[in-house]
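What follows is a pair of complexes built around chain A, which joins chain B in one and chain C in the other.
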Partner chain A sequence: MPSVSSLLRLSVVVAGAALALSFPMLAPNPYILSAGVVVASYAVLSTSWNFVGGFTGYISLGHGAYVGLGAYGTGLLIIKAGLPSFAALLLSAALVAALAVPIGIASLRVRGASFVIVSISLVLILLLIFQSWASFTGGSNGLVVPRPFPGLRRPDHHLVFFYLFCALLAVALLSWWVIDRSRFGMGLKAIREDEDKAQSLGTPTFAFKLLAFVASATFTALGGGLYALWFGDLDPVFQFSILTGAYMVLMALLGGVRHLFGPLLGALVVGSALEYFKVEYGSTQLHLVATGLLLAAVVLFMPDGVIPALSDVYNRLFRPRATSIREATAAELRSQEEVRG
Partner chain B sequence: MLTFQSVILGVLLGGLYALLAAGLTLYFGVMRVVMIAHSAFLILAAYLAWYFHRETGIDPLVSLVGTVPLFFVLGVAMQRLLISRLRAATLTMMSVLLTFAIALLIEGLLGYVFSGTQRRTQLSYSGTSLDFFGARVAVVKLIAFGLAAAALLGLYVLLKASRFGLALRATIQHREAAQLAGIDTNRVAGYGFGLGLATAAIGGTALALDTTIYPSLHWHWIGPLMAIIVVGGLGSVPGAAIAAMLLGLTQSLLQLPLGTTWAQTVFYVALFATLAFRPQGFFGGRLAQRF
Partner chain C sequence: MTRRSVETVGLTKAFGGVVAVDDATVTFQDGKINALIGPNGSGKTTFFNCVTGMIKPDAGRAMYRGQDITGRSPHRIARAGIGRSFQLCRIFPRMTVLDNMLVAVRTTSLRAQLANSHNRSDLDRARGWLRRVGIDHLEGVEARNLSYGQQKLLELAGVLMGDPETIMLDEPAGGVNPALIERIAALVRQLNKEGRTFLIVEHNMDLVMSLSDHVVVFDRGRPIAAGPPPVIRADPRVLEAYLGV
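Right after this comes the complex of A and B.
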């Protein structure tokens, strides 16, 4: 029989999913709905990022590269190769997965600082290439991606893509959950805690890291490709942006990288805040200031994220027995265990 | 002749890269921190020099009198108040994020205060150039190089000849051993940070002399600089200087056949080649792979 806490958790998840799915009905106008699509896409991206960042502790600031590659791959396959929209999306993600293998082999050889440097460099180099190679990518003039459903009116277009992003998010969350409970996930988490020990205990660390890296890149590319189909207009400056990567890291860290729903929670907070800033302050650079301040605050004060910070407070207030100094005797504890079991 | 011109320009550019990479190497050496905000401070210093010149009409080089001490103090404060608060276990990763946040903050504030408009310092000698064995070299580029070379030389003398330099090098080599020898490594690390940021102040002033500046310019500098310190071997000042000269020269030479944008990719090619074949860097640097 499932315990109370797991029932509670399940009901929270169901309620959250129901709330998310009914969001289009609650949204007062198409603009809010489109903001919802953006937030959903951020949730997909930060959850995808968490396959590497959360499990292995390798913090990539350059996941914007895979967003851009997925988006441009999808757009170019539709325009240049004449593929149907969603076939192009899947093929593009498969191509990014193939590309992520050599990139992963090169960058996962080094740890810590060097890994971050490589991840940032990748975005910068791809930005250079996609801007310069204008004959193929459209360069700074942008690339217009044809819509998958030309007959749909704009609000319905947002509606369809909101559900598509939710479906992708569900797949990503489910995959993360499955990995989290598997031997593979155990190995990845061992890498996060102490890579040398994990290796000496026989975990194939390099293969595990690479697999997680490729999975993360693939989901990120799917998110980017879906965004391309939704938004329909690509510009290298926005697709290959360090900022995108920074947002993913910020969202995941804010929510808590060790938790399944951490990045999703972070995406809800940061994504909504970003959309709000866009409306209020438009083209000023204040959103950069806000992002910078928030990121610095998270790194300095709650590097484990909101979820552990809140559950700490909850435990301190409502479950005083969870403190390290036991106030109950061993016999009392045993009797409590019997009552609970 | 054009090639000779490129070589000269490459050396001049390499000098500036070398100074800035030396700053990055100092941060990494004392704290194992990759300071993403280094180039943002560079652009900040360039803006301060430009603003100083616009408001007072005095030569922007004079602004160094103010920016160098200011940046030194900022660097010490940053290390003491922010970086040293991070947990030791995740210091490298978290400091990257923290300095990245600072870079965003600087870029955003520059954009907010000075707007995104491109700025350029107009000086009486902006257009003047010298004839150097048939190559034409702009005076401002020479001044920038001279400034960078003098600062680098000063840094070298400070590190090699002073007691503080000895303490700093000891801290870089082995922190615990330095502590056992009676060095206050926290204070030394703070000063190391200050020195690093001071190089950004000097580099930024040099940059303001002959470059059009805008708030997001720092992204064009951080990539090459990080590539330089990886190629040079993280933590090695001479390695960074050699790598800076070589890559600056290569970039300048490739600009002729390939154009400005593609020539920039040389840094990333060198970065990936280094990681593929010699992750500890090509010039010295035993530290790299583990950090």
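Right after this comes the complex of A and C.
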């Protein structure tokens, strides 16, 4: 029997999905619509990041690497191999998945800060490669990716891609949800808490981490590839950017990595703010400062993100009689001690 | 004739200049409650870590029921049937008590891995063990909010969830009150009667002597004596190691 809170949750999800899908109709002009596409792509990326960052607690700042590989893979497969756009997108993601296996095997051996450093160095290496190998990648002159629907006018192009990103987001969210409730997911979350302990209980931690890592890289590459098909122009500086990885981390942490919709919520807030900054202040470095400050504030004051913070407020305002878990426990502990005492 | 449980041959592990386990050749008996005692820093925890694969020994071999397990990774050793607890109780602090238990469920096929973790049979088994150690009323509580004693019971229940034939406990009575020590001792006896082998590192001598069938004594990384409790109690080398005479 569904409880009140799960019905409430379901209705919020349905309302959110309906709102998202009607966004193109509500958008007053093509510019806002294109900003919506950017935000949707951020939602895909941060949700993808959360497959490894959220479940296992391995914080990758270098996920820009898989955005770039997915994007260039898609572009190059269309241009050099003559593949149809969406075949190129899928094949590119499959290649990134295959590449993520050795990368994961190498990088998942180290934990904590070391893992962060390794993840950053990968983006930097790829940036160098794609910049200097100009004969193949177009280098800093960029790579023009042919549009998949050449007949489409610009607003319709945005519209189609907005829905494509939403579809990809739905698949990513569904996969995350399936893992979250599974035994596999329980093992991943145990890794986040205490990896050695999890292994001593029989969890094959390395294989688990690797699987989550490959899933994360693959969804990220799909996001990057779809972006390439939408935007149509790739530059290594933007594709293999540490900033992209930093945005994913910020969005996921802000929304809350323990929640299915945390990274999506974070992407809505941060993505909209970034697009707004771009309009109001042009391409200044202001957004960098804002990003840095926000990241610091989240880590310091809301380590679990806004969703737990909001539900705390909700509980305090609307459910004054329901005690929090911690209070209940304190009482239980006391009665326990009395029994033992 | 007793069957062999965990045994080591020439097991050695050094940290820098400190030889924590020094050429240790010992045998523990299957179906029994074995104890491993020795002064602080004599290498008992390091010995446990080498046997369970948490650290790789520098030399020597570790066997379990005649099978070489040296250098195997911890999850494979766990799956071979050895469960262990940690000296400073390790649980998953931000998971509920029930989820702590469900981590220990073992499956191999991808299909089974993707099945709902909160399924009827896993939940029933988890609740059964929680009831057995006496903390089933706390199943929805985050583990970090338990008292230290309750966390120790949870760790033990989690180990049992993996259904190990052999259970290695590192100071199960450390830092818990006398009533709880009694409860843990009774549980160990019961589980042993049901066929589980125990290897227990413990400082509480009364507990060791009353609980165990076979005692191994370590001093500075080396086994210096082994035998039933009365023999160990009377052994001059053991007295020397403990009292430093």
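Criterion: the second predicted complex is superposed on the first by the 319 of 341 C-alpha atoms of A that agree within 3 Å, B and C clash if a C-alpha of one lies under 4 Å from a C-alpha of the other, contacts with A are read in each partner's own complex, and residues count from 1 in each chain.
What we mean here is this: a contact is a pair of C-beta atoms (placed from the backbone, for glycine too) under 8 Å apart; a residue touches a chain by one contact, two chains touch by 3 or more.
No experiment lies behind these values; they were computed from the predicted model shown.
Once the two complexes are overlaid on the shared chain, A:Gly57 sits against chain B while remaining clear of chain C. When the two structures are aligned on the shared chain, A:Ile242 is found in touch with chain B, with no touch to chain C. Of the two partner chains placed around the shared chain by superposition, chain B is the only one that A:Val118 touches, whereas chain C remains out of contact. With both structures placed on the common chain, the touch criterion links A:Ser311 to neither chain B nor chain C. In the superposition on chain A, no contact is made by A:Ser272 with either chain B or chain C.
After overlaying the two complexes on the shared chain, residue contacts for A:Phe184 are found with chain C alone; chain B is out of touch. Of the two partner chains placed by the overlay, neither chain B nor chain C lies in contact with A:Ser175. Comparing which residues of chain A touch chain B with which touch chain C, the overlap is empty.
On chain A, the positions that touch chain B within their shared complex are 57, 59, 61, 106-107, 109-114, 116-118, 120-121, 124-125, 128-129, 131-132, 242-243, 246, 249, 253, 284-293, 295-296, 299-300, 303.
For chain A in complex with chain C, the residues that touch the partner chain are 178-179, 181-187, 189-190, 193-194, 196-206, 325-326, 328-330, 332-333, 336-337, 340.
In the complex of the two chains, the chain B residues touching chain A come out as 28, 32-34, 36, 82, 85-87, 90, 92-94, 96-98, 100-112, 116, 215, 219, 222-223, 226-227, 230, 234, 259, 261-262, 264-265, 267-268, 271-272, 275-276, 279, 288-291. On the side of chain C, the complex with chain A involves touching residues 52, 54, 73-75, 78-79, 83-84, 86, 90-95, 99, 102-107, 112-118, 122, 137-138, 140-142, 145-147, 149-150, 158-159, 161-162, 177, 179-180.
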